[in-house]
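Shared between the two complexes below is chain A, which has chain B as its partner in the first and chain C in the second.
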Partner chain A sequence: MASKGVCEEKKDADNNEESDVVPDFEPGASLESMLVTTDSFEELEQEMDSSFDERQMKESTTSTISEIQEELNDTTVPEDSSSEQDDKIIENDEVEEIASQLSETSLTSNEDANAAATPVGSLPEEDYWQNPEWKERKKHVFILSAAGKPIYSRYGTEDKLVTIFGVMQALVSFVQTNQDTIRSIHTGNSKFVFLIKGPIILVSVSRTTESVSQLVLQLTYVYNQVVSVLTSSQLNRIYEQRRNYDLRRLLAGAERLIDHLLNFMEREPAFLLGAVKCLPLTPSVRDSITQTIVQTCGKIKNLVFAILLAKSQLITLVRMKKYFIHPADLHLIFNLVNSSESFKASESWTPICLPKFDSSGFLYGHVSYLSDDCQACLLLLTVDRDVFFTLSEAKQKIVEKLRRSNCLEAINESVNRPSYTASQVGVPEMRHFLYKCKSTAQFWSPALEPPYHTTEESQRLLGLYQALHHHLHAASRPLKLLHQQLDKETMLGWVTSGFELYVTFEPLITKHSAINAVNKLLRWIKKEEDRLFILNAPTF
Partner chain B sequence: MTSKSEINLQNFYVYNSSFGQKEGEEDKKILFYYPPKTDFDTQMKNVGLSEAIIKFTDTFNADQLCDALHTQKTRQLYHQAEQGFWMVMTLSIPFVTKVKDGTEYLEYQSDDVQDNVYLAVLRQSYQMFRLFKGSFTAILSSSGADVTHLKQKLDHFFSRYLLTLKLNHSDILDVFQGIQFLPLDKQTFLHVQCFVNLIEATFAQVKQTAFLYNDQLVWTGIEPEDMQVIYRYLVTSLLPAHLETELQGGSMPRHPTSPFSSSHYGRFVTGPPNLQDASGNSWKVPKVYINNDMTPELYHLVVYRALSATVCMFIEGSLQLNLDFFKRLDIFLGPHLTTLVSEVAEHCSRQAASSSTNSVDPSPKFVYFNKLNLAQKSTVHLDNRRSGNVAVTPEVLRLLADINADKTRMSTTGEIILKTMSDYWVVGKLSNLREFYVVIHQKNANLIEINDEVKRLSDTQLHNIFFHD
Partner chain C sequence: MADVQHQQVRRVVTRPSWNTQQPPHANGSPVVGTVRRDSTPTPLRPPLRPVEACDFTCKVMLLGDSGVGKTCLLVRFRDGLFLSGNFISTVGIDFRNKVVTVDQSKVKLQIWDTAGQERFRSVTHAYYRDAHALLLLYDVTNKTSFDNIRAWLGEIREYAQDDVVIMLLGNKADCGSERVVRKEDGERLAREYNVAFMETSAKTGLNVELTFMAVARELKFRKSGNPDESKFNVQDYVREQSQRGSCPPCNT
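So, the complex of A and B:
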């Protein structure tokens, strides 16, 4: 643990102007991290600015998966390397098989997703764009091919929206004829954001207060969700072969995942922060869980990641040396687990592509819940497609050991315990906060209390955080500090080299009290850090 | 460090889709296109894109108009100036050349072009057109719906106006388009008012009058919405140009017979430059249309200046102005104005002396705007010429417009304090319809100190104005 002590005053030129206000330390900081800690927004800017061709080049020359396979297979397994070749020229049939496999695993009973997928209105013959209810949706998301073929619409069936898809495609290609790229259209209350990713176009039509870069980030997630089902190499190849291909055939199962992902992003600050939240556990319990996984799986070749999670919070993550997981990939995994009821019923074997890890190939995941009496989900991700039974066996052993060491109980206890609230920190004027530790890409936030306990209010709160985040991270004019007095609350955002803090206060709090509150909060997080964060980065 | 390219005007067009709906007559919908050398196909394509974008956005929200299109390399602003008449302005996004992995690439700085600022620039261009030419619909109906006439007026106005746009120095003041007022003591103010009344009583042709000292407005009888456009024209265009010709040695002495015996300093800024030369037909007085939203009124705008004082007289547009009228005006205005201006000047120097204690500390800079009376004051800007003469960095100046763009979230009152990476503190306060922005460059300050500093500043600079804390 490398965190600096509370009382230790660092005379850092960068931070000392606040040293009289807040002690300079970074709760939750760690020298090692299992997560890639790049700022998602910086990355996004790069992605938007570099041309697609460059990215493709990079992707095809550095396939992490084949790198692992080569390293582990000692070059004596020609069979495997040829199967790798097969992968590259995989037939469409096989992809469809994989896709249908996925659609089976993701048969969801999630009500949100169902509601979202339900067509609007009772007039199936009518075009949606003439339907006021459809038009007034807060956020539409469309996916289409570069040729204008509908792939996905968040609301309504694509077939009824052919005209709109056609217009979107025309706008994109018109601007392209000027060697330029369309980014967004702005009207009084809406933003129309375009993201062109190789052979597909993603469009968001939003009436929310989110910034363009935040909407682009969401579209990137949606794109990554598509890649996660197909791999980028497969996606590109399909359109190289048939420009007019109807991708819906392959994405039948993934639609649910996208629906769910979009709803997920509307509630979770994790996406905005590019960080992951951990399930609070005492360090000894967490260590013992981690050690159990390391000991049981340490001998299994080709195992890249073991991930244990519950309630969209990370319990532990064990990784192969040298390899890290990007928070964006982890978010997709959370989404997959959350939207797939079938994982609860039985252990599953599912191909999954982690776009940030390696967008060109699949990892294979053994996915299962620990037991009927412990709703934590374990994912064992490997590059080897034939080790289901090895991993299944490993999982059984892990569960047995965890049960014996009372870790299942500890997990259950934490899952069922109501989360900390802001008031437990002991600062009465503070209503809520988000704290992100930059060096570990982990964040923590308390449970939502009144007045933010309703869906509407909690979404408004997330909107406030998004606006705050946008100002602080504006690409050309980034800020260190922002204090904003609004009608219903006072918001404070503070970015240092070590952490990002976003706090919601009572509207009439004085600046003096706000600063004291922040001090007190940071000390509290420091005190709790080994429960709220994972401070090490275990490997097999 | 590589240098940044500038914001350039790529094109600017005015169209109305309801014209030229017949096949083969599509060209009729384009009323003005800049640059004029653009081939017709390109014009049609670009107008077509604008039409498509407006229609597309309309699909999703019929009640909100399209404001802007962002592409990687350009920014396009939209303004429906009158029903069906769209004005579109396309700007290039500045870029810097960067090197990554040994290859050069261009990084476009799209945040440098702020929608709210350039939408304001576009709206101003319409207001300025309307001031001098009247509204589109009025022009059309005066010529029996013949588009040619409108096209000529658009071309006549915009082909010159567009060259005067200072796109790289547009900022939050363009959004406000406020007026700088000169506060006077009661007596001096009454003298100015008496003078104005005297003009209007003596010359029945003068319907309205405005009085300025330097670039500050002292008195006006014109409605604020019109005055802000006229003020802008005077301060950024007419007066600077006039000063320049004067500085160039006064090539045309006003009283060539007896330049030294002249009892006053007055001269016409718009009007005959030489009152003795009866043959001089080379002068023109601009005509302006005001009150365009209700019943448009046409006036001659005669501007007369003595030393730092400027009098703008709005004379009934139907009248013919002859040299004799100007002579009578000059005889009346010259002596009166010369005495009045020294009184105003005296007051101002007294003010400057007494307030100099406040301005000793030059560090905090501020911009103030009151939407109710359009009053504006800025110590961030060192002059009124929009030439980029500012006391803060361009980034900080843009932050002011960022805050302004975000103020919709603050309803009627609110406050935002932020600190940049380069240790500038920027404070934005909103109270009812007043906006107050402060910039403080103080590395070692904290939130509370900055808050106190802003309080001090608003106490000394904006007495009597209540800001919610």
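So, the complex of A and C:
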């Protein structure tokens, strides 16, 4: 680790200096937001404090999806009452289905094991986790059931790691017998972080510089990814019926999503910030895209969210009145789109559970790319499982309209244009920055330039931001401003009620010029805010 | 979509020729055609749900375990390509269209490609009842996928229409050395359940075109509604037309 030069907390005295220059300055701020703006970190703390039972209670009493369905039933004509019945029937079907799946497991488990075992090399079981390549991985992630059954391992095959899973389960239950919960184990430069979520246990074994709470946040995302595939109600029901169920059967094909998510989190600051990045567009183009979607889909009942994205950046998001989307849910959607090649070739219809929105049920998503010549992906999410064709038609109309108004071109142009670089801001000592606007849960960062253009260096940079973030948000002693002079760069972090800013400077910059540079940067962001951020929160 | 408009135009043009070619059962169809043309003042503007309104739209659904090659079979048929390299897993259901010609009439195949994984079953079940034909695939190099066919047929019986056309397909027939399911096994199972059977290869294209054409032909004849024509039997047709796979045909 680089040695820390100055690391100090700035309170009132220094603060005056900045507030002289920019009083109540909050670039990108907006009165309304389409995103839920609770900080994932604050939430995380709460979540870790409340016991699982409490959370369960909360979840079971408020099902957003059934709320939407009920609301619609209140206002609509009798034909819809049949759909309610339908739902009930389907629910029953699902229960039976799971029951039958459970009864089948004993028959097929043998074959499953065979199928899983075939692609792996012939390393004997005992040696497998001694394998140096496996041991050298920087971050392992494991999922197991409360009964100790392997569910997922980031590297290697679960079947060959049964002993390790056994040890992890033993550690968890040993601490549980004393009415306590294991959180983490620290040895040398490794951290073992545990997260117990109802019937499943998630473990991260990391030799990175990330803090325990950052690792817990990542495990929470992994758990949410599992819930997004199965729903929490299905997950809990399965284990209520059969404690030793092999969940890999239902997660088949979803390992890919978890793998991708873990890599995604190691590249993207979005997860750390709990915010979403937008595709830069001139406001008139963005408005016209939004209006097209609102006009086309406005009359479709049950449509909850319309989301248009490109290259993991949001183009627009239209929502049903009263309902918001959480950035964490949006990250899972980005992950789904990025890791599913099959969406590129055709229109898809797929169930998606958004854990923050409603972890107990599925939304149904019409997912498609706008056209062969415009690689933006449109998701239309509804609570109604039978409206594929309505949405398919709406999508065609949206594309036609966008083509006529030249919006497809504008999107392509922005996607293909190289992103702004830090040097374009006009502050020569500044190398890179992350800016998060708290009131909209959106962030922006410039393209990575040398020396951070290599994978290794960009990961190191993200590591520096993580450390900075950790110091600023430490639960025991949160800071407002932090100036760190390191070997290769100087880092500055600044948290106000309106924004969070993390800046990387040349190593030799003085504190005074760093503050001046930051002020200049904030003014630049303010000037560009209507291109870099979505400043309204459109509804259907 | 430009495609839809084209089909609308084509349909108006093709129907009369089809009618004159098939005098025995022309009585039913032209009425529908004329009524539609009279009632819609502008024939070029597609009706609200063109997909539903078309008499020659067939809904074909691909089923089978994960990884048996459903998407590959479809892509081979639709685009003439073989997706080699990475395994692309379908998420939920993918929808694609292709128009084929059967005896000079255009049949629009609306093909629903389903994800094989168990967790998507509840979504796919909802679409079984609308399907006119089901292509049930297994992988000749994967015994489990073949053994699961009985379970799939059970689901089909539960959720699909009684008169749905079912075709059992043993895919990856090109993989000679890795084969673990013999062609006779597939044939025997198909006979037991009274469904048509073929071995296919998305890689070489073996029987791929034939599969979809046989389905289109069967559905077209069924739709014509003439009892005389019901003699067309998809199983016989497939038997006559199918090419030899890597395994010699058996006469049992």
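Following the convention adopted for this analysis, the second predicted complex is superposed on the first by the 466 of 540 C-alpha atoms of A that agree within 3 Å, B and C clash if a C-alpha of one lies under 4 Å from a C-alpha of the other, contacts with A are read in each partner's own complex, and residues count from 1 in each chain.
Operating definition for what follows: contacts are C-beta pairs under 8 Å (C-beta built on N, C-alpha and C of every residue); 3 or more make two chains touch, one makes a residue touch a chain.
In this text, all values refer to a predicted model and were calculated from it rather than measured experimentally.
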Next on the checklist: Looking at A:E413, would you say it contacts chain B, chain C, both, or neither? Reply first, second, both or neither.
Outcome noted: neither
Next on the checklist: Once chain A of both complexes is superposed, is A:S342 in touch with chain B (first), chain C (second), both, or neither?
Outcome noted: second
Next on the checklist: With both complexes superposed on chain A, which partner does A:E32 reach: first (chain B), second (chain C), both or neither?
Outcome noted: neither
Item to check | Contacts of A:D373 with chain B and chain C, given as first, second, both or neither | outcome: neither
Checklist entry - What is the contact status of A:L230 with respect to chain B (first) and chain C (second): first, second, both, or neither? => result second
Checklist entry - Who does A:E393 touch here: chain B (first), chain C (second), both, or neither? => result second
Next on the checklist: Taking the superposition on A as described, I'd like to know which of chain B and chain C A:D246 touches: first, second, both or neither.
Outcome noted: neither
Checklist entry - Thinking of the overlay built on chain A, is A:R477 touched by chain B (first), by chain C (second), by both, or by neither? => result first
Checklist entry - Is it chain B or chain C that touches the larger share of residues in chain A? => result B
Item to check | chain B to chain A touching residues, read off their complex | outcome: 45, 49, 52-53, 55-57, 59-61, 63-74, 105, 107-112, 115, 395, 398-399, 402, 406, 409-411, 413-421, 423, 443-448, 451
Item to check | Residue numbers on chain A that touch chain B, as the complex places them | outcome: 16-18, 20-21, 48-50, 129, 135, 140, 164, 167-168, 170-171, 174-175, 178-190, 192, 205, 207, 209, 212, 467, 471, 474-487, 511-512, 514-515
Item to check | List of chain A residues in touch with chain C within their complex | outcome: 90, 93-94, 97, 101, 104, 108, 111, 114-115, 229-230, 249-254, 256, 336, 340-343, 345-351, 364-365, 367, 385-386, 388-389, 392-393, 396, 400
Checklist entry - Which of the residues in chain C end up touching chain A in this complex? => result 1, 4, 49, 51-52, 66, 71, 75, 86, 88-96, 113, 115, 117-123, 125-126, 142-144, 147, 151
